[in-house]
Every structure is written in structure tokens, then in C-alpha cells.
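Below are two complexes that have subunit A in common, paired first with subunit B and then with subunit C.
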Partner chain A sequence: MITQATMISQLFINSLIAGSIYSLMAIGFAIIYKTVKFFHFAHGIVYATGAYITYTFFQIHRFDFISSFILAVVSSGLLGLLIYQFVYRTLQVKKAPNLIYLLASFGVFIFIENIIALIYGNQILFMRPLAEASSYSFFGASITLTQIVIIVVSIATLLALWIFIEKTKLGLALKAVADDPQAAQLVGIDSVRLTQVAFFVGSVLAGVAGVLISLETNLSPTMGFPAIFKGIIASIIGGMGSIPGAVVGGFFLGFVENFGIWYIPSIWQDFISFTFLIVFLVLRPSGFFGVIPEKELI
Partner chain B sequence: MEYELHLFIITGIFVILALSLNLVLGYLGQPALGHAAFFAIGAYTSSLLALNAGISPWIGLFIGASFAAISGMIIGHLTFHLKEDYFGLATFGFGLIIYSGINNLTDVTRGPMGLPGIPQFIAFTDLYNSLIFYCILILLFVLITIFLTRRIIYSPFGRVVQSIRDDELAAEALGKDTRQVKIMIFTIGAFFAGIAGSLYAHYITFIDPSSFNVMESILVVLMVILGGMGTIGGPIIGAAVLILFPEMLRFIGIPDAVAAPLRQMIYGFLLVILIIKRPQGLVGKYKLW
Partner chain C sequence: MLEAKNLTAFYGPLKALDSVSFKISDHEIIAFIGPNGSGKSTAVKTIFGFVDKIDGEIIFNDRNIKGIPPNELVNQGISLVPDGKRIFSSLTVLDNIVLGGYLLKKGRSEQIDKILDLFPQMREKLHQRAGTLSGGEQQMLAIGKALMLNPALLILDEPSLGLSPNYINIIYEKIKEINNQGTAVLIIEQNIEKALECAHRAYLFRLGKIIFEGPSKSLLDPEIRKSLLR
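Let's look at the complex of A and B:
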């Protein structure tokens, strides 16, 4: 029998998983946004690419899962770097306005999404490296090994990122460029090099998120679209460009979406998230922890 | 011959849609990325009125377009205080909300199953006559749209619209209420998109949410950019190229399963290349940046 307590703990687990993935997406997006101040919408396709590369190595070429995972994550980082180098860098040199980046980013997204569709077809693919059957009890609800792995790897990634940004020289330089590119240049930091670092690191996070989610659900060429949208919504809720804000926004969105189905049928989940987007944009564009002053947004 | 007539009609409908977006994107310079939403509102409003209340498509057309215009006005009021890329994101989000709404309100819209049996403007027994009728009707609406767009653009109001695009601060300094002007032109754009939607529904006689998804909004943006923003000819050429080009793929004999992603891949590529190399499009004079 499903008691209310079981139900709550089950929803709690689901929220935690959704929240981890959204946070990873939002942080990657935020790191890039903080550095370049434009919307990198194609971040979503980096996420899908991460999942498909893991699938290719693990399922088709029969590599072991850990190596496939590492290969995929590094390739995701490189893909982000390539997008920056070939598309955004050209636009930066010509000093394009923000809107131009957004449109170009949509173009990149659609382009790569359909390359994936051409290679792998539109059918849904599966990848299940972990024993499905092993599940554990968590306050009455059941949690599978896969779900534990998703949560643990997400939290480990978040910690590693925190150490990278706060404790390493490169991370601190990244923060400096994001806060004040001119001042950073004055003290001898190469801002183009640091932007490349931001794209690589941000895209690695998207790759991790993409691989993790495909352990639990399926792969489809269109998977990147909802992911980037949740990432952007989480970023805006948390405060555009704020990394702690992205984590809070991600988990907030995960919990709202999952506990929302107490009141509203689950098919309305996306509707709820998009409404949140509009509500935040209209009423509080700087989000909960806005680091970017409101006057820069409106 | 029927096939060519059909392509002419579909191109005409998208020309109206692209011209309506051009008012906002080309003349006002604001990135409205959810234009398919207004197309959808026009289509669903007049179809539902015709199916459930027996209201004639001729009247439904204007009710649908008015609904689209009212939604445009509300969205404009809510989002025109935002900077342009945030405005783009907000309108894109609005497009998603409308799409998700028609997909999920299954009691009203039948969701993904779509609405079949939408009545046509005039019921012909003969397909050929019906197509000829629609060709004339759509051509008429295209001409009306072009005429009104020109009237707006060359009016004093139209000059203010373009001055906002070129230098919003200067327009404000001259005492123009730029916010009001933006909302106005966005509302007019939504109205024409609603007309296009209603014409589409009453021609095809079947609509489902897939015709109004966010890719459709991006496709219309691409039509305007490809042809050339801020001109009348640009969106017409853009719409014609992007409607007729996929048909050519079909003629070369590429199977549908490959043609669909291939087409979209080319769209994505075109969007990036145009923006980097030729932001004024094929015939445009105005550069977005």
C-alpha cells in the first residue's frame, strides 16, 4: 500500500534527481553566461551529444562504461569549445549585439540536433550499464542503484567544480574575467583563453548531465531542448550568472515540478516551468540571488 | 497542376506570417521568437468556433485574429520592459506555453490527436475549383497584408517604429512613447499572424499541435532573415524559398526519414551562416547588426 509518507519520500527522490540534472545544466550555462554575457542556447545540444557519445562507445563499440563516460565528457567539452571558436568568436570579433548570439546559438542547436538524428535515427535508444534490479529502500520509497549513482556523481561534480573555482589559480582567473574583463586583462589574464576555459568546463558539466540522465531515461535527438530550457529557467530563478543561484534554482525547479503533481497532472510539468520563466522575467528578472543588477537586464 | 496550386497557397500563408513577423523583427528590431503562438491562436480559435458553435469561417477569421492580437498586446505589456535578448527568451517561452496548452487541453483541442473536419470557406465538390478559389483568396490576403504593411511603414507612426530600431534612446529623447509604439506594432503583427493561422486551418481542414511548435517560430524567423529584414520583398522571397526548397528534396528522391532531419540541418546551418556572413539577407538593405 502506498502511504502518504512513502509518496512524499518517492517524490523527494524524484525531485533530487531532477534537481541534480537541472543544477548541472544551470551551472554550466551560468559559467558561460557569466563570462560572455550572452545566451548559449546550444548548451542543450552539448548535453545530448554527451549522451550519444557515451552510447556509441559503450553500446556500439563495447568499451567499459567508465571509459565511455570519460571520453564522452571530454568530447562534450571540446564540442563547446568548437562552437565558441567557430561561431561566437567570429561574432565577438565583429562586436555583435546579444540578440545575434542567441539567434546563432539556435542555428547551431538545430544543426547539431539534426546531425544526431541523421546518424542515429529518430528512434529512442537505451543504455543501462548498471544492474536494474538492485534497489534499496529509502524511508519506504525505493531507490535504484542508478538513481543513487546519478545523485552521488552530480554532487561529486558540484564539489569538484567548487574546488576548481575557489581553490585553483585558473578558477580564480575565470572568476576575475567574469567580474571585470577589463581589470582582468590589466593584470595580465588572457580573456580569450579564459573564455575558452569557461566553454570547456561549462560543456563538460552539460556532458555529465546528459550521460547521467540517459542512465535513467532514454536517448532521443530532441532530448537537448527540454534540458537547456530547464537549465535556463533554473538560472533565471537563481539569478542569471550566479553559480550558487544556479544550484538553488535547479533544485527549486526540480522540487516544484515534482511536488506540483500533487495538485496538477504531470503532463502540465512543462507548462508550469515555462510559466515560472515568464513570471520571473516579468516580476523579478534578477532572480533570487541576482548578481547582475536589474538595470542591465531591462 | 493541383500540386503546384497547393504549394502556391501554402507559400502565400507563410508569406503573410513572415510579413507579420517582419513588422516586429525587421521594422521594430525586436526578436519575437514565439510567433507560431499567434498563428496557433488564430487557427485554433476559428476552428473551434466553426466546429463547436457553427460560426462561419469568414467571421471566425476575424475573431481568431483579434484573439491573437489581444494575446500579443498582453505579452507585449508584460515583456517589453526587458532587454532584447531577454525579450526573445520571454516570447520563446510564451510560444512554448501556448504549444503545451493546446497539447494538453485535450478536452477542448483534442491534444495531439488534432482537430479534423474543419469547414472550408466555401464547400466545393471539385478539388480543382476549390484550389483555384483558395489561390485567389490567399493572394487577396497577401496583397492586403502588403498594402497595410506599406501604409504602416510609410506613415509617421511607421517612422517612429523604425527610429526605435535604429536608436531607441534618440526616439525617446524626441518624446516618443516607445513602449506604447512597441506594444502597438507587436499587436498588429500578432493580428496578421492570427489571420494566417485561421486561413491555414480552414484550408488544410485539419490542425494538430505539431504545426505550431517552436521550430515553426524559428522557421519564420529564418524566412525573414534569409529574405532580408525590414523590406517587403525579403520575407516574401524567404517564405517562398523555405517552403519550396523541401519540395525539391522530395523530387531528388531522398526518403522522408532522411529528408526531414536533412532539411532542418540545412535550416540550422543557414541561420548561422546568414548571421555571420550576410545579416541583411538576400535582398535586404537593413543589417541587424
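Let's look at the complex of A and C:
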């Protein structure tokens, strides 16, 4: 029999998993937004690509999972870098207005989504590298090895990112470019190089999220779209462009979505997220972390 | 040390600087003065490539530096404190100073000490967010940050803009101190008296051209300036 306590611990686990993925998406999105000040919507397709590359190495070429994971994550980072270099950088040189970046970003998203569909087909794919049978008890609820891996890898990634941003010279330079690109150049920082770093790091996080989620659910070419939406919502709730905000926003979203379906059917999960988005946009547009959205939000 | 020859600059189709030539020697303090929109600030933005199109030559220590990106220019020994927002306001005072020395390979902590000796009041505020400093303190921090690389030439765009008279005096004292330690200084100023008192030589700008150059004392009389600007 499912007691209320078991139910709570099960929802808690589900919230943690969803929150981890949303946080990873939101932080990657936030790092890039903070640096370039436009919406990198194609971030969602980097997430999907991470999942498909792992699938390719692990399921098709029979690499071991760790190697497939590392290859996929690095490729995701490189894909983000390429999108910056060939699309956004070209637009920056031409001094394009901000709306153009958003449109270009949609274009890149759809283009890569179609390439994925061409190569892998539109059907759903599965990848289960970890023994499903092994499940553990957590305050009455059951948690699988896969779920533990998702949570642990997410938290480890967040910690690594925190060390990178707060404890390294490159992290400080990244903050400087985000604060004021021209002032950053005046202390000798190559803003273009640092923007490349931001795209690489942000895209690595999207890749990690994409791989982790496909261990638990499945892969489809359209998987990037809901992911980037949740990332953006988490980012806005947390405070646009704020990295701690993105973590808080991500987990907040994970928890309200999962505990929300205690009361209403689960197909309404997205309804819950968007409701919170609207509530925040109307009542507290600066999000949890009080960063006032800048004019160039779009 | 720095010499510009027949410098012309454009913002889009607009000619903002019309064939100006100026020269800054080692250990000098130079003032660029002139009314708003006369091109004095554009002259500096041109050195750093912050305009759309540049004609002419800019020579720094026998090297042509025209078109060199700003991040490489600072590495060659020219530091700029731009007008308006001059610091990383979301970062701490210490982070700002450390970032000033981003390109330093070694001796960073000695250099930080040197900067803090010049601006001792920064010592107590190292871990405060730079955006919470007063305008005068922000200007000191901006200058300190720009000195981290030990530049041969320090350029200050409107250093007294928005500051209280007390802070303006302090900043100008510091400029003389910095100059005494061997750094050439170029000041672009609206606060003409202050700049002329401090500088050795001055250039007077009008409508994108230099209409007078000479010892700054010769411009101290407002009547003379007025007749020149007429």
C-alpha cells in the first residue's frame, strides 16, 4: 500500500531528477545569455544532440558508456561553439539587431532537428546502459541506479561549474565580459575568445542534461524543444542571467511540477510551469535573485 | 612615445575627426580640451578602434598600432579609463583590481600592493561590490585597475565627470603622483581649468580639428580660449 510518506519521498526523488535537468539547462542558457545578451534558443538542440551522440557511440558503435558520455559532452560543447562562430559571430560582425539573433537561433534549432530526424528517423529510441533491476529504497520510495546516477552526475557538474566560475582566472574573466564586454577588453581580455568559452561551457552543460535524461526516458528528434522551454522558464524564475538563480529556478520548477501533480493529472505539468512563468513575469520579473531584466531581453 | 598623424575617423558616414595630428612624449601630461562634440574624446576612441573607420597613422613606440584590438593595445602599454561606467560594478573591488592585471604573468600581488598604496582607502573595501562605491571611489578604482599593467601611457576620459570638487582635487593629486612615477598621462576634460593646471601641454579641439596646441598655461586665460574658439 502506498502511504502518504512514500508518496512524498517518491515525488521528492522525481522532483530532484527533474530539477537537476532543468538546472543544467537553465545554467547553460544563463551563462550564454549573460555573455551575449540574446536568447540562444538553439541551446535546446545542443541538448538533443548530446543525447543522440551518446546513443550513436554507446548503442550503435558499442563504446563503453563513460567514453560515449565524454565524447557526447565534448561534442555538444563544440556544437555550441560552432553555432556561435558560424552564425552569431557573423551576425555580430554585421552588427545585427537583437531580434535577428533570436530568429537565427530558431533557424539553427530547426535545421539541426531535421538533420537528427534524417539520420535517426522520427521514431523514439532507447538507451539503458545501467542495470534497471537494481533499485534501492529511499524512505519507502524506490530509486533506481539510473536515477541515482542522474542526481549525482548533475550535482557533480554543478559543483565543477561553481569551481570554474568562482575559483579560476578564466571564470573571473567570464564574469568580467558578462558585466561589461568593452571594459573587459580594456584590461586585455579577448571578449570574442571568452564568448567562445561561454558557448562551449554552456553547451557542455546542455549535453550533460541531454545524456542524463535519455537514460531515464527516451530519445526523439523533438526532445530539445520542451527542454529549452523549461530551461528558459527556470532561468527567468531564478533571475535572468543569474547562475545561482538558474539552479534555484531549476529545482523550484522541478518541485512545483512534480508536487503539483499530486492534485491534478500529470498531463498538466507544463501548465504548472507556464503558470509560474506568468506569475513571475507579472509579479516579480526580476526572479528570485533580483536581477532586473535588461532591455535586450528578447 | 605616441604620435598620431593626419588622423581621420568616421562614425558611419559622419566624419568625427578631421585630419588631426598630436604627439605625447615620455613623462608628459597632456590635456585634450574643447567643447562637446569637438572630437577630443573621439581622438582617444580612435586610438582604441572604437570608431567605424580610421584613416591616418598612429605610432606608439615606433610601431604602427592602427587597427590593433583594444585587448592587445593594453598589453603594449596603453591603458584607458573610459568616461561613464568605468568598473565591473557587479564584481568586488578586489576582483576589479585583479582583472586589471589579467595579462600579468607574474608579480601580481606586488602590483596590487602598489595600487593599494596609491589608493589606501580601497584597502578596507576590497570585498565590497564595486557598484556600491561612491562615484569618486569608483573613479579611483577605475584608475587603479588601469594601472595594474604598469602602462607607459594612461589615458583618462573625463576623469572629473560627475565627481564632487573634493574628489576632483584628490583625483588630480593622484594623476600628478602617477606621472611622477614615470607614466605619461593624457587627460580629456570638460573641467578645463583643472586639466590645464595639471597638464604640461594642451590641444584645443573644435569641430573635429585641432585649432591650437601649446603649453597649457597659455590657454589658462578664458579670453584667449574664447577668441580661439570663435
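Just so we're on the same page, the second predicted complex is superposed on the first by the 291 of 298 C-alpha atoms of A that agree within 3 Å, B and C clash if a C-alpha of one lies under 4 Å from a C-alpha of the other, contacts with A are read in each partner's own complex, and residues count from 1 in each chain.
Basically, contacts are C-beta pairs under 8 Å (C-beta built on N, C-alpha and C of every residue); 3 or more make two chains touch, one makes a residue touch a chain.
Please read all numbers here as calculations on a predicted model, not as lab measurements.
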With the two structures laid over each other on chain A, which partner does A:Phe271 touch: subunit B (first), subunit C (second), both, or neither?
first
Classify the contacts of A:Asp179 with the two partner chains as first (subunit B alone), second (subunit C alone), both, or neither.
second
Between subunit B and subunit C, point out the one touching more subunit A residues.
B
Once the shared chain is lined up, is A:Val187 touching subunit B (first), subunit C (second), both, or neither of them?
second
After superposition on the shared chain, which partner residues are touched by A:Ala156: those of subunit B (first), subunit C (second), both, or neither?
neither
I'd like to know which partner A:Ala117 touches here: subunit B for first, subunit C for second, both or neither.
first
Tell me the contact category for A:Ala5 with respect to subunit B and subunit C: first, second, both or neither.
neither
I'd like to know which partner A:Leu170 touches here: subunit B for first, subunit C for second, both or neither.
neither
Residues of subunit A contacting subunit B in one complex and subunit C in the other
none
Footprint of subunit A on subunit B - complex, ascending
31, 33, 78-79, 81-86, 88-90, 93-94, 96-97, 100-101, 104, 215, 218, 221, 225, 257-258, 260-262, 264-265, 267-272, 275-276, 279, 288-289
Of all residues in subunit C, which touch subunit A in the complex?
48, 50, 69-72, 74-75, 79-80, 82, 85-91, 95, 98-103, 145-146, 148-149
Give the list of subunit A residues in touch with subunit C in this complex.
169, 172-173, 175-176, 178-180, 182-191
Could you pull out which subunit A residues touch subunit B in their complex?
38-39, 87, 90-91, 94, 96-104, 106-115, 117-118, 121-122, 221, 229, 232, 267-268, 270-271, 274-275, 277-278, 281-282, 285, 296-298
